[in-house]
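Letters A, B and C mark the chains as written, and numbering starts fresh at 1 in each.
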């Protein structure tokens, strides 16, 4: 018998299954990319003919373009708002500056527990009652509701890594509470918050179950547009815009990994 | 060191936002669920009824949809556990230099738009999709398999969507199992399989439970993937809610079903946290 | 440079009194240590002085100014944390300059003061480094430079040397003393290490259970402990129980176990009363011969050699075990386990105290 390590490292079978699962995870992504370049509107392997036509069609279609713009506006504004009010609340709660901090945190995370479709219909009814139906502000606030738990979670994780003594040192050295936060705490939580902002952005950009109840025909978002288009059949135009999304996500992920070591925060 | 009045000031914007745009809207669904809806005319004024809820537990259509939703939840959770554990184990215990790449490989599909991923599965699973074309070409089947608009298609699609969530929760759970305890078991006579079943698995159980609860609740709440892979006829609870609100305009029934779904999700989460607390007390 | 005073300072958390009515005055330029075991309230007092914790009762005065209600950034103090609390994202230079920036110091003056502070702690060339690139001792020196650069009125130190290894600790003790003397800054140091407190300070305040036990120069603390806590905490004395037989002047005669009588130089308890007896190990003498008048017969149990000094554990015949501390040069050559020895106890090292904690 040959001597081997017995230190709990995965066995070849485990590795094989694991790698198969990794491949399984990437398959739909590859399929979509393939479909975007395929000349025919159905998919074969190998694809019959390659073309960039679908990309050209999508990028010149005003419906798609305005949907992309709406998604971006929503994602950026809701993320920005969530970041500001989320970090502020998390800071106060983490330092237990209010009574019942733990209960409040649990309450702030509750949107994650409720099915998104329930949030969607609740807001639909609420906005109909309050006249916010179809308004951009209403949409933005709906997205703040669904993205803020991710910001709060990231903030808590980041704040846990900051030694409170550094804030105290800043105070004794002459900084006001706000200055201590701005000069010491904020730079130290920035990488974690960048990851939280990315999660928040993606959550907003991708959202369908809440958004679909609140948009009207004039302003739709990209995922809702794709969702509705698909109801009518597999259209390579959809594949093209999906491929663009895949590209954007991939680049975003790589950038996040490079800049802040994203894999640490997952 | 933050003065309480400053603390309150910092928490208020987010608290107000959630109260105004989450709590109140959801609570307002409750009264709606007790109204009576007359098709084409809206709510019958002044009528309050339990009919919406009664229908949910007596009508065969609803019962079938609920049963299907729960079954899907169970099957997807199981599939994610079986497929996810080896992958999580590889990430947690495998070579360190693989770790970042593996994590990114799991994160990437997770960040990808849900609609895009579901669309990918449609392209794969329809009767003229990639899987059927391949199988026909290879001569393995003569007629295309029905992989969409049924439980199979939904199961495959939903497992794929929620697998990354399970994997990350399992990674955290496995990381919490001290390798030295496993080593101790080995020196006391445990085979590798026994170490796994007697030490690793039980000690990672809380994480296994958290991951399972997460995937189960996400699955029963899902709207997009079941709609895209199930089509307009093969329904789950979320898609029925969608139809009742957007097509049938029966907001009363839709609210009742929403509350039922919400109650299920919260009930499952609450029950599991009680279980976790009991386990934590035992270890 | 100012004085620092506490007037009946107290702090309670819930129903628990962590600091009970401490009144203390540290004169301008003095170096005072707050000494006590963990949990005695000394760190709480320091944090109240800094403004990080609000007192439940009492006042804090810097010079003539009542700062009790002032936030920490307006007290003009320096604080060196036990964990150093350097800003990890700033260079050493920026760390030291932080307080100066808050005071809106001109760039030229700031450069000069940072350079001066770093030179004081002998880290002049380290300005561009980051804290994670420094050793523990270097980080600690940066923390000191950072606290001193803004020329605070008072310097507070929270167990600054406890994270250093023994040799570094001894070196840094001298450094601290030299710095303090050179700058003449009013200093309050919190520590549980009595050697540190006694060697560094002009005055020592011994604390236990939130109560001030004694406040005075190191010699007083050592030679004339005011309470049995102080007597028992300082040095590593032998502790026994006994009865006061007679009192004469400040001292008297004590009876310890089995009728053994010991002369004490310092007796607090009335005649006939029970006393907590403390005998300093270095006040006990040892010789390998039969006992003479006024000495005790005993046997050696253990001996240990610790470099410059040595300890011998001896059991008095019919009496307790005592630890004897002597210079290792004075250790008899023929000392073997179980050897019969003559033990002499100098009354100046014997204290009979009441057992109250003030």
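Quick notes on this structure:
Throughout what follows, contacts are C-beta pairs under 8 Å (C-beta built on N, C-alpha and C of every residue); 3 or more make two chains touch, one makes a residue touch a chain.
Just so we're clear, the structure is a prediction, and the values are computed from it rather than from any experiment.
The chains in contact with chain A and with chain B alike: there are none.
Taking the mean of all protein Cα atoms as the centre, the chain whose own Cα mean lies nearest is A. The chain with its Cα centre farthest from the Cα centre of chain B is C. Chain A and chain B have Cα centroids separated by 17 Å.
Taking each chain's centre as the average of its CA atoms, chain B and chain C sit 60 Å apart. Distance between chain A and chain C, defined via averaged C-alpha coordinates, is recorded as 55 Å.
Within chain C, contacts with two or more other chains are made by residues 52.
In chain B, 1 are the positions where the chain touches two or more neighbouring chains simultaneously.
In chain A, the residues touching two or more other chains are 168, 171, 177. Interface of chain A with chain C (complex): residues 163, 165-166, 168-177, 179, 183-184, 187-188. Chain A contributes residues 6-11, 14-15, 17-19, 21-22, 24-29, 31-32, 35, 42-45, 84-86, 88-89, 91-93, 95, 97-99, 104, 107-108, 110-111, 113-119, 121-126, 129, 141-142, 144-145, 148, 152, 167-168, 171, 177, 202, 205-206, 208-209, 212-213, 222-223, 226-227, 230-231, 234, 238-239, 242, 245-246, 249-250, 252-253, 257, 262-263, 266 to its touches with chain B in the complex.
Partner chain A is touched in their complex by these residues of chain B: 1-4, 6-8, 10-11, 13-15, 17-18, 21-22, 24-26, 28-29, 32, 83-84, 86-87, 89-90, 93-95, 99-100, 102-109, 111-124, 126, 128-130, 133-134, 137, 160, 163-164, 168, 179, 182-183, 186, 192, 195, 217, 220-221, 223-224, 227-228, 232, 238, 241-242, 245-246, 251, 254-255, 258-259, 261-262, 265-266, 269. On the side of chain C, the complex with chain A involves touching residues 50-52, 71-73, 75, 77-79, 81, 83, 85-89, 98-99, 102-103, 146-147, 150.
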